[in-house]
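Heads up, there are several structures right after this.
Same chain, two partners: subunit A is paired with subunit B first, then with subunit C.
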Partner chain A sequence: MTNAAAAIRPAWRSRVDLGLLAWCGAIAVALLCLALKTRLPWLVTFPKDWTLPIAAGINAISDAVVPLVQPTFRAFSALLDWPMRAIRARLVWLPWPAVMLAVAALAFKAGGMRLAVFGVLALAYMLVAGYWPQSMSTLSLVILAVPISTAVGFGLGVQGYRHNRVKPALTALLDLMQTVPAFAYLIPLLLLFGFGPVVGLIASAIFATPPMVRNTMLGLERVPEAIREAGLMSGCTGRQQFWRVEIPTAQPQILVGFNQTTMAALSMVIVAAIIGGFEDIGWEVLSSMRKAEFGQSILSGLVIALLAILIDRITLGFARGGNDSPARRLTGRRLLVVLALSVFLAVALRLFLPEGALLPGSGLRGQAGFVNQWLLGVVRDYGWLFDGIRNGVLYSLLLPLRIGIAGAATPAIWGFSWTPALGLAYTAAFLAGALWLAGRFGWRWGVALLVTGLFLYAGFVGFPWPAFVLFAGLLAYRVSGAGLALFAVAGFLLIMLAGLATPLAMSLYLCGLAVVLCVLIGGALGVWAAHSDTVSHILRPICDALQTMPQFVFLIPALMFFKVGEFTALIAIMLYAIVPPIRYVEHGLRHVRADVVEAVEQMGATPTQTLLNAKLPLALPVVMLGINQTIMAALSMLAIAALVGTRELGQQVYVALGKADAGMGLVAGLSIAFLAILADRLAQAWVKRREVVA
Partner chain B sequence: MLKSTMLQSAGLALAILAGVLPAGAADLGAKDEPIRLAMLEWTGAHISTHIAGQLLQKLGYKVEYVTAGNFPQFSGLADGTLSASVEIWLNNVGDIFPKVLAEKKIEDIGKLGLETKEGWIYPKFMEQVCPGLPDWTALEKPECVQALSTPETAPNGRFLDYPADWGSRAATIIADNNMPYTAVPSGSEGALVAELEASEAAKTPLLMMFWGPHYALAENDVGWVKMPPCKDESNEHCIRPPDVDKIVWSGFGQKWPAAYEFLKQLQVNATDQQKMMLAVDKKGQDLDTVVKAWVEANEAVWKPWIDAAKE
Partner chain C sequence: MADMAPAKLSCRNVWKVFGRRPGYYFDSRGYVIDPNVLAERLRAEAHLPAVVDASFDVMAGEIFVIMGLSGSGKSTLVRCLSRLVEPSAGEILLDGRDLLKVSAKELIELRRHAMGMVFQNFGLLPHLDVLGNVAFPLKIQGKPARERETRAREMIALVGLEGRETSYPHQLSGGQQQRVGIARSLAVGPELWFLDEPFSALDPLIRRQMQDEFLRLQKMLKKTIVFITHDIAEAFRLADRLAIMRAGRIVQIGRPADIVLNPADDYVAEFTEDVPLLSVIRAGDLASTSKETMPLAAPVRRDACLEELVPRLAAGEKVFPLEGDPSMPASVLFAADILAALERDSARRVRS
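== the complex of A and B ==
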């Protein structure tokens, strides 16, 4: 054994030294760049002459291609337009008692009495709030987008499962479909499909298809070999083997995909409304946002949240197969009878009642003005407090991160200037800290602290870009390998060459800070929720609301309290991105193996020790997944944060939308997608490495 | 403008005299096919559109209101998916509008006649903070700059600009006059309104770009800055009241001749529009009912337009 250890140690040593050496080299390059930045300003500001007309190139290509393919797409658009109008007309025509009866029956079948009551209450709310026709329009968009996404997704998933060669390309495509903000491809879609609700439908379908593909592939891959063999041995033909053996086995997973596809389609209704052509609930949310009417935006946002929860529970209920005993009494045939009855009721009501007799006038939404009055009252009474919070965070956190400590330490901002003595003390403190960390936990921690120190000193916007690209490439190489390193370096360089260096830095700065804060705050809340059922019960509906309400709704109070600017953008991003850390940390901690925790406790560990040394390390894979989701959520909010006046990539997407500049929108959207995919791959590689080590 | 209308009507008269126009020029045309009017995002446009729609119905047309984003609408108007849009603010049309106009896919059929305003506004209490307002020189005094300064713009004062995608003329004008201000893009109309309302409520200083008629102006007491002299007369360096025009799809005149003539005549008055805006937005009344009441009370206003179309 000693021999083996002796043989391993030198190899291990030399590897560590190589990594350490590379990092020290990169840090030296960064220091050199910082030292030279006054003499060679191009080290900090990416030179304008170097940028390539990438967006213009895309536009030139699309100008040439679009006229050729336009007729095909327009025909397709006309083909979809018809069923869309028909479904909407039917749903709006149906009197609400009939819809309510049908939904109640479906909900009862899916989840029993409680869900049926919830369904009726949710629909009643839409009616009372005065959003009935709009809700039905939205429903018709979902009803048409979901089958399209499901069918296409299932087909692609089967192909991906059968042909291993297709799979990498397919996965890359799915990543893009889920991470490029929809605003970025609205202009190309408008060019191809023409104006109208069909564009919204296509955008929804693009975003909603990937979960179906992924889950179909996953489900089919997970069919146990034994079941497959049993099918073959009983003499199945290829087709029988697929439809009678593999699909039924994979069905639960495929249904999870269906459920996620439905939710994704619903989350796109606001984007669909930006184009217009359809008076739906997303349009109402946008209009109230435009008017800064918080009351109306809550009322209309709640409709979307309720629809999401209702559809989620119903599809999940059917996916599980309706296990409740009362629900089982409602057999398929009886359900059909109830549905037929509701249609009959509908026709009867229509025949005997005048048009629109059953709908309330403008409903609650006409009375929602007091919410704004209340909000403004809060602003009036506590404005000083909000100003104080904002300025405090701006001075102590946002500004130094953006322009660096050296930039913030001026008489105008911090009241003192940056002297060489301070610089020396700063360097010494970080070096000492890094050495201590390196000695105690390993050199990686020391290097991490030094890199953090560099970023804090120079700020995200003032950081020399060659050093940044070097750091990113090195990190990707060390965590994953040459492939990812190449991807990272090429991606960052391309974004800069496209002339988006500053928006890129702003995006990294805003998202990076939001993710760190979300993981800290959300993680703490998650730990608390894992140890207290009361906290868990309070947090759950809040998380549900933050995830299903359109994020536009929260922008209005954030704007009134904190004004246009980076702090408000940070709040907006965090409100959405804080949910994954809460959920995943709680879930991870609650499902740690009980026997291990017990053993640790019996060894006399304090609760804090148990948490830090046993529970958290055990829950780490789940927590990492949560962090991954946090990064995705933060990046997906960039496009929405642009509405409160930021200068990041999301704003570029908006500006491109206004200019109808398809190329610029795509470039900015792809840049956001690149960041998301890179972060995802890094996290995955990191988890895999840890698993190998363990 | 007056001249061009006169010329136009003179031309029209000549054309009729000479019999150049076919006899059915003021025909209803394809009256069974609905005219699709774009309903844009703001209430003012809803009102103008519904006035046009209700009067077109009186003429004997079918009308469909289609919600449309301010920029996406132009792709709809260019290919005829949308038939007309009656309240286009030419200061906010992006780059797509001039493009499709030049390609002759859409047609500009003249002004809506809405009395507009655009410029720099401030809540009225600012006159105590910056004595000398509304004159722009008051903004240059140190105490005024100090009051408007924020951590993000220090030592400059903060100027809340239009969203980045609407273009940034304010920044140019600030630079033209060497004013100690930094223009901060606001991101959306909602952000502008929210800031104005919050500023009024908490009495925090604010200086921003805005336009009228806008219902936010009916609720909040604001002053308009008397602007510094323009460096030159170009749109980039000078703010003038924006034009609001009526735009139709290029095939509109052929398909619905009478409606075309009518829309050319249509005018909307800013005071009326602002009153209706308040009724809809703040009193929670139904849009269609509010406009119907206006139509019933103002026959004298719109009768000549319908007569002109029927001629």
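== the complex of A and C ==
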């Protein structure tokens, strides 16, 4: 409402000036803070005396509450423990030929011959690599978590669709569930349920529920009015209308939700290995990474990747409804027959074959020592290259961003020191650039450049926090309104009061850099793909694979080549977060209104002019959604990236997990969620405002 | 005509108002307020009067067309008739029984047996094939599978879709999809048939075919029809009687010829400007009784449109006897009357 009102207010021009004034004021405050920082150090480092023992408070409460409710939860845990063990035992008991037959039949039904072959090959790899029991363990957790998430998600989705009052609360809850890193709620779960795989299961179920809720709501909301009315005019009762008209019509969307839920469950099951549990594939990857056995970690990482792609394609195939002709010949009844046959085969094999004949000894992993040697050799031989890349980026990009150009420009790092003359030149260059941008594209660009210059100068860690909070508040106010501004300011202040000022700055810097690089690289790839079908065809399967992969997998190559450290975390985050800009930029550019592009081309614009003046501005809302997704992905990767050694909020969560410090874990986790939600609201408000103006 | 056939469906002072509290304006205090004044007040107070005081009768077996531009309230009005949209005030009488007073359960029964509806965007269920879609209303009633299928196949044959029974909606063209919609709406054998812009989403050529098809079906089935359209040519082509709506009000009700010959106001006049008079006005519309001796010329059907008389008119005939009941006074059509009507029409065109 406020946006719409602001956009159509006639006194638009005077408001612009007001905004410029406000930004100049904020920049002046920042400069003042920087000037005073030697005299008033509390402007830069948030004073320790001011912090509140929020985490300790939460711990005190949880210490009081947990013993009271623990028996109930432990009983629940025991209740879930039994079916989990049973399913795992059954799956591991199943001889591999039977599983292969069943998976091949399912894959054939879902996606035809190619998927069936892929399924058999993937399973064969797991077998040969020697990770069969572990894969089946992981699968058993997924098989248990998915029905829980699906049922709960469907129920919540229907409630959200039916009751308009439930919906906002539900959406807020979903936002939290999807943005608080899973590590953070693992801690209270551990306290309540005790150690063991059940916690992993429950965490997976929580993490995997939101997509089901969202897609159920979306599907039901999108049932066309004509279909609804046709159902009513056919004389449907309320129940008939719901089950026979609305649900079947919404079914494709609901199945997409089921696919996403399954993938989320798989991702989480693997991450949950971090708290131990039983022999599953996530644990294999983690322990081999800890032991720096790259051979094993690649072998087991590949198992995860194959498992993810296989499950994704099968569920997606069912969601789309197998339309190819060969798949349709396999009717539901025939599929059941094949599945029954595989069970029969399983029993027969078990009865007539000796135990050892069924699984190859230790598989490839036993011989992985050779691979390890070879990989270590490669890393050693090309160490100069990897170290060069790493140090180059570290010293020219990461360090200045963290501690500021003034801090990085020392003889030890850059070979020269920061002199007042250099400072003057720096200021002059940025001022001139800002003025030029302001004259050419509008004052917003000039202000953006100045703010960038300030951050580059002081670094994220050295930036005076009052100015930072002011910037954040002002940005939120200008884009959305007073509500979001209040949310931003209060959130940042609370995080600082909780004593997390430095991790917050580190998170912002790491995520910010990852997002900027992803948008630049991914955006360029997206533009390229939009103009070349070949590039698009090459990129699509890569993007598909990257998006299917559980977050954990991205750590393996990054860690292997670049060792522990911030740069490795950056690479892992970027690998995970680069897909949305590629996809959204390509999609946005390809679906720009054709009539506008034709009109611009007809006026004699060059392809570059068409891109810059017509296509990109028109595609901007879509691109912005892509950037939003990138930010979400980067933030969600923070907690995982903490495993390779960072100093941001994710690390706080991870450390808290190790110490079972529920308070710190929750506060740091909520901080990440806050950043994600703030970024999301900012992006959405921005897109909405643009649409209103357009 | 109105006094001969009974009204099947009657609409009495029906209002539909969207807004925060439409009920507030329709308390039954019993005083009468001018509808236009009330509509103005509603608009001023942030309400949207979509249907304003609509009253009309639909006779058994006639095609009653409601025509108006988009946003004139015609789709809301037809939804009030089936209570897909709950009217804010008024009465809707089906065979003399007020539909607005029946319970939810009775309403479902009425929809199951007495009403069929066709939608502009077809409203076909995407997960059912043609046979399943046509049989859907029967399935909802719990009819046995064999009966469902027989009936559905009959309906599919009726609309000429034999051979496409196992196709899914997304495999059909727009025209074919609407044939399925028509078959489905007729499957339960309703007496009342609502069609909400059924052909508006189709290409002009297909639309024309579907209109012919519709007239053929109606000749066989003799349903009581309420047909919504924004297409003036379609309205005049299909209607036995038609109502023109503007901003929620019905501005004129009448036979097509009445409306073009005596438009109620400038709006209707302008609206109907392009209607081809020769094909809308029928011989009976301009007839006068004659005491003179019958001329020997060949008699003309009462419902023949003037177009058919043009050759004879050009050949110089001055008087056309009308076919008719021998007991009634003989009526004739004077060439002069035809020419006068045409002249008035062209004069109107030149003026505007």
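Following the convention adopted for this analysis, the second predicted complex is superposed on the first by the 618 of 694 C-alpha atoms of A that agree within 3 Å, B and C clash if a C-alpha of one lies under 4 Å from a C-alpha of the other, contacts with A are read in each partner's own complex, and residues count from 1 in each chain.
We take it that a residue touches a chain if its C-beta (ideal position, glycine included) is under 8 Å from a C-beta of that chain, and two chains touch if they have at least 3 such contacts.
Keep in mind that what you see is a predicted model, and the values were worked out from it rather than measured.
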item: Superposed partners subunit B and subunit C on subunit A - clash or fit; value: fit
item: Contacts of A:226 with subunit B and subunit C, given as first, second, both or neither; value: second
item: From subunit A, separation angle of subunit B and subunit C (C-alpha centres, steps of 10 degrees); value: 150
item: Touched partner set for A:461, first subunit B, second subunit C, both or neither; value: neither
item: First (subunit B), second (subunit C), both or neither touched by A:376; value: first
item: Partner chain in contact with A:560 - subunit B first, subunit C second, else both or neither; value: first
item: Broader residue contact with subunit A after superposition on the shared chain, subunit B or subunit C; value: B
item: Contacts of A:191 with subunit B and subunit C, given as first, second, both or neither; value: first
item: Partner chain(s) touched by A:657 [first = subunit B, second = subunit C, both, neither]; value: first
item: Distance of closest approach, subunit C and subunit B, by C-alpha atoms in Å; value: 47
item: Interfacial residue positions of subunit C with respect to subunit A in the complex; value: 79, 82, 84, 108-109, 111-113, 115-117, 119-128, 136-137, 139-141, 181, 184-185, 188, 194
item: Sites on subunit B touched by subunit A in the complex; value: 38-39, 41-43, 65-69, 71-77, 79, 81-82, 94-96, 99, 150-152, 154-155, 160, 163-166, 184-191, 193-195, 197-198, 200-204, 215, 281-286
item: Residues of subunit A touching subunit B in the complex; value: 186, 190-191, 194-196, 199, 273-279, 283, 286-287, 289-293, 361-362, 365-367, 369, 372, 376-377, 379-380, 383, 387, 391, 394-395, 399, 412-413, 555-556, 559-561, 563-566, 642-647, 651, 654-655, 657-661
item: Sites on subunit A touched by subunit C in the complex; value: 224, 226-237, 240, 244-245, 248-249, 251
